[in-house]
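One chain, subunit A, appears in both complexes that follow, with subunit B as partner in the first and subunit C in the second.
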Partner chain A sequence: MIIGSLRRVTRYASWPRIRKSLKGVPWFPLVIMVLFVVVGVFGRQLAPHDPLKIDIEIRLLPLFFMKGGSLQYPLGTDHLGRDVLSRLIVGSGVSLQVSLVVIAVAASIGALVAVVAGYLGGWVDTILMRLVDIIMSMPWIIIALVFASIVGAGVRNIIIILSIFAWPGYARVLRGEVLRIKQGDFVRLAVVAGASKARIMLRHIFPNIVNTLVVISTLQVGSIILAEAGLSFIGVGVPPPRPAWGAMAADGVGYIFTQWWLAVLPGVAIVLVVMSTNLLGDWLRVRLDPKFRQL
Partner chain B sequence: MWRYILKRLLQAVICILGVSVIVFVLARLTGDPALVMLGPGARLEDILALRQKWGLDLPMIVQYWRFISNAVHGDLGLSLRYHAPVMALWLGRLPNTLLLAGVSFAIATVAGVVGGVIAAVKPGSWFDRLGKTVSFLGISVPVFLTAIVLIIIFAVKLHWLPVYGTGTWRHLIMPAFTLAWASSAGQLRLTRSAMLDVLDAEYIKLARVKGVPEYKVIAKHALKNALIPIVTMAALQFMVLFSGTVIIEFIFAWPGIGWLAVEGARNRDFPVVQACALMTSVLFIAINLAVDMLYAYIDPRIRYQ
Partner chain C sequence: MGEILVEARDVKKYFPVNRGVIVLKHLGDIKAVDGVSFTIGKGETFGLVGESGCGKTTTARLILLLETLTGGTIFFDGKDTSELSGPELRKYRASVQAVFQDPYSSLSPRMRVGTIIAEPVVIGGAISTNGIKDRIAQVIKMVGLRRDAMELYPHEFSGGQRQRIAIARALASNPKLIILDEPVSALDVSIRAQIMNLLYDIQQKLGVSYLLIAHNLAVVKHMSKVTGVMYMGKLVEVVESQELYLHPLHPYTQALLSAALPSHPDEQREEIVLPGEVSTPFNPPPGCRLYRRCLYARPVCSEQDPPLKEVSSGHFVACHLH
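Then we have the complex of A and B:
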């Protein structure tokens, strides 16, 4: 449907049509998301200061409008005198990187498993779905701790562990779709026409689950970011000194009696991004699938 | 009925075996535990001695068999830090986590179900919109932010509640509320949509036409039938909530399983974390099994399949 609507847009593009299709677009979350991506990609260039530069002389500066604050460090400095604004900007890169890679990996594995299990059925289906059940019945955060206690913390390890736990969600939902789609007449026609199983899965089944895939992916960005932030918060995520939002909040916890904003600001950044992806996901879901409109 | 129970039991056993394989493989494939334990400067004979002591020189399948048979006997090894059996450590912390998770679960379920029913009875009302907003925030706000904000307001500024620790019911308020908020969102959404579906049914109209009082229609005729998806969701929520306790326990220094696991990971006390993972998975699977039994009890269609 996405591919179809793109084709329609390029064929029938006219101003009133474009205006009509833009109606109801959630602008606020969209702006936040664009900002998040731009800041995440160009963080190093956009940051006013070096996010890693330690300067004990100016440690724990307050926000710019408070007594003792300065516009040079609008959001103050942390316990090591590092600029909080720069760290927030550069820290968005970690969230962006982790969420994009995890979604790409999980969506690919999940879609592959769903199509193969759903279309072939039988023992392939049983084994794959049992594996999904097993992974989904494990406490992901404690398994992440197991992983961290053996190989240590690191961005790559977070990506691996979150991908392992993200794909079963895709597989379960998409398999349901595949089971429905494979009953369609166009699939039977393809079988009669002599198409191979691989071709049917790739050309006839897969394009029909792309919509759901996009919706789940958008809705998942938020939970992946929350998971990464949680791991960084408990100290098994992104290792210091690389700034990550969760780790920044954890560093700030020691100062909540005097500099409460150190712990709160990274949290607010997370809320803005997660809320935006959730709003966009909900909008996409309604937009792409009229069936969901009642929910 | 018995066939159903037997089938589910068998599935649970397979699940537990699967989890144990994954934990075992994770532990072995990521490096030689003897090397990790002794550090890069270790002497070769020390490494070999440790390997022999732990049976790391045996074939993988034999190692796995030892691991699983020890685990069945309740022996999951010794903590490197506390030099105590990890099983005893885990069991010692379990009541604290169960208390925290149980209280939050009760709050989340009551708030979610009651809120969802009210929202479904008057869709589009101010209460419905409020419920939507609150539950939407619940899934978008990281639990540590909720915790930090609560601590700043109620402990640092107002001095009403203790910042962290355990002992009295006042220590329980902030952690339980934080967890409950995050997990009530799903309950509320699901209860609302399940109730909306049921309230549309013919027998609800019939009950109203017959003159059954509205509160009875909602509580007896509608809620009872909307209960099946709600119970399934509640079980799922309990597990999400249980995972959430890890971060909450860490912030509020609540001495439960989550904190044990986080400390273990930070100190690279591998046997502790492994035991936490394995035992908590087994607990999850057991809960799932219990819920499925309950499910069969509520819904006769499953029982007589």
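Then we have the complex of A and C:
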């Protein structure tokens, strides 16, 4: 079994196959995403300056092509004289980390709850879905504010609070899928073959919701990044001076009429990344469907 | 009749109809299957015909243990199926398989064909990985598919081929009984004969028993030794298939046969049309189920439910006329 799947992986990993599987990939979003991930992981090594270094003498430098700009600080400096480019680069790490961890946690919990509730039905279903309703009806931003004021702001706390509010969305949509899939004759035939409930959920139900799971996840990347930026914007996210896109935009708002780029640049970064995840997710959805796969 | 494999004795399945959210009020029952008895011999085919909603599929699902019995007993190889558990249940699962009507819904879209076919064997345990591989290759050959089909996904096959895959899966665990629930209804007319012949050949070779459920009377006549006619949850006539077509005794059977297309377009036949609609099996009134539609109804028909009785050797009819 293990050797077989290893062999399958190595066969899949050959170069012509990779090239073929990338056929039709939307290049622009892919480049943005690769850039986002690389910069997010190696941000501290790539940043030209220390993102935390304050130098009041060079505060509010404009973009490099504007009057008074310099190539040493191509995207200018903020109100404390910190290099904007470096802060953008390092700030992407926060967005990457938060979105990946939150998606992983929320998708796992959501898929588990959806499969168990949808397949078993009965009181298990009722209890889990009422829990979903309760969480979805709570105002997450207010709870996040309260939570942050009790345990303090920080990346870990953002991840916890966003995970709690992200999984019910998965659970609700995926449960509907499970209800549809379990009506299929192949599930009935699995029962006839003597498959246990666990086996049916794992081998028959779960593989058929992966598609939807991926689509929701890619759409969620955008909203998680936005949520993190929003929390940082209102000051309960990443604590200063650590750079985060949302906090940078918040800092820049005060200078919107004079140094507009301070707020616009992090905004553009957020828009590019969110848009790219959505486009890539759409492509991935088509690719993952075996009906479209011709390998 | 030779040795008996399956015996259904007074099998009943009622679906309760309730109203209310927390405090349920029992309004009555839908009597999907209401006291059905029949036997299936080893290596033989028992045909089950009747219109949609008459309880054929529910009967099949009861044998497959997909539904629990409301009453009666089903014996398999002399054992009460409702009392099976543990290793005995697993053995039963391996010996009873099914092929369903829709070959598009009966194969998991995200599994390779080899995995789909192997599943009943894998769950049954007891065979080594190599043994399973050989077994899959064997059944794939038996149903006439190419060997490399194992590596592909179901969507790469046509409807007829998919049904062959479903049959291969049903054969993999070497079952004694295969439930064929409308195995060709969803297929192209040109493919139907192929699949039916395949099933027939497999039975000749392996000696497996079939419970064949079908709308198409010609198919049942061709395949099955004994045929049962169902109407609203009851068996109204059970007899050897040839005899059923030559001398149908129950008024419903006569109407059903006259509704089938003749084998030749010029053939002149009288068509019997039953008046009215099929009434619902929800809280049916006493008496014969066909009472309101029967051309020969008599007062006794509305009072007493006619039992299934043997009117001549091997010919069972549930009708007050006989």
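In the analysis below, the second predicted complex is superposed on the first by the 256 of 295 C-alpha atoms of A that agree within 3 Å, B and C clash if a C-alpha of one lies under 4 Å from a C-alpha of the other, contacts with A are read in each partner's own complex, and residues count from 1 in each chain.
By our rule, contacts are C-beta pairs under 8 Å (C-beta built on N, C-alpha and C of every residue); 3 or more make two chains touch, one makes a residue touch a chain.
The model shown is predicted, which means the values in this text are computed figures rather than measured ones.
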Check your understanding: subunit A superposed: clash or fit between subunit B and subunit C?
Key -> fit
Exercise for review: Determine, under the contact definition given at the top, whether A:Trp260 touches first (subunit B), second (subunit C), both, or neither.
Suggested key: first
Review point. Between subunit B (first) and subunit C (second), which, if any, makes contact with A:Pro74: first, second, both or neither?
Key: neither
Practice item. Answer with first, second, both or neither: which of subunit B and subunit C does A:Leu189 touch in the superposed model? Key: second
Exercise for review: Answer with first, second, both or neither: which of subunit B and subunit C does A:Gly154 touch in the superposed model?
Suggested key: neither
Revision key, fill the gap. Per residue count on subunit A, the busier partner among subunit B and subunit C is B
Practice item. For A:Arg199, select first, second, both or neither according to whether it touches subunit B, subunit C, the two together, or no partner. Key: second
Review point. Regarding the shared-chain residue A:Val271, is it in contact with subunit B (first), subunit C (second), both, or neither?
Key: first
Review point. Of the two partner chains, subunit B (first) and subunit C (second), which one does A:Ser137 touch, if any: first, second, both, or neither?
Key: first
Review point. Where does A:Gly176 make contact in the superposed view: on subunit B (first), on subunit C (second), on both, or on neither?
Key: neither
Point to revise | Touched partner set for A:Pro207, first subunit B, second subunit C, both or neither | key: second
Point to revise | Minimum distance between Cα atoms of subunit B and subunit C in the superposition (Å) | key: 9
Revision key, fill the gap. Both subunit B and subunit C touch subunit A at residues none
Check your understanding: For the complex, which residues does subunit B have touching subunit A?
Key -> 11, 14-15, 18-19, 22-23, 26-27, 30-31, 33, 36, 136-137, 139-145, 148-149, 151-152, 156, 193, 196, 239, 242-243, 246-247, 250-251, 258, 261-262, 264-266, 268-270, 273-274, 276-277, 280-281, 284-285, 288
Practice item. Enumerate the contact residues on subunit A facing subunit C in the complex. Key: 1, 184-186, 188-195, 199, 203-204, 207-208, 210, 290-291, 293
Review point. Which part of subunit C faces subunit A closely enough to touch in the complex?
Key: 64-66, 89-90, 93-94, 96-98, 100-102, 105-111, 116, 119-120, 123-124, 129, 153, 155, 166, 169, 173
Check your understanding: Quick one: in the complex, what on subunit A touches subunit B?
Key -> 130-131, 133-135, 137-143, 145-152, 222, 226, 229-230, 233-236, 246, 249-250, 252-253, 256-257, 260, 263-264, 267-268, 270-271, 274-275, 278, 294-295
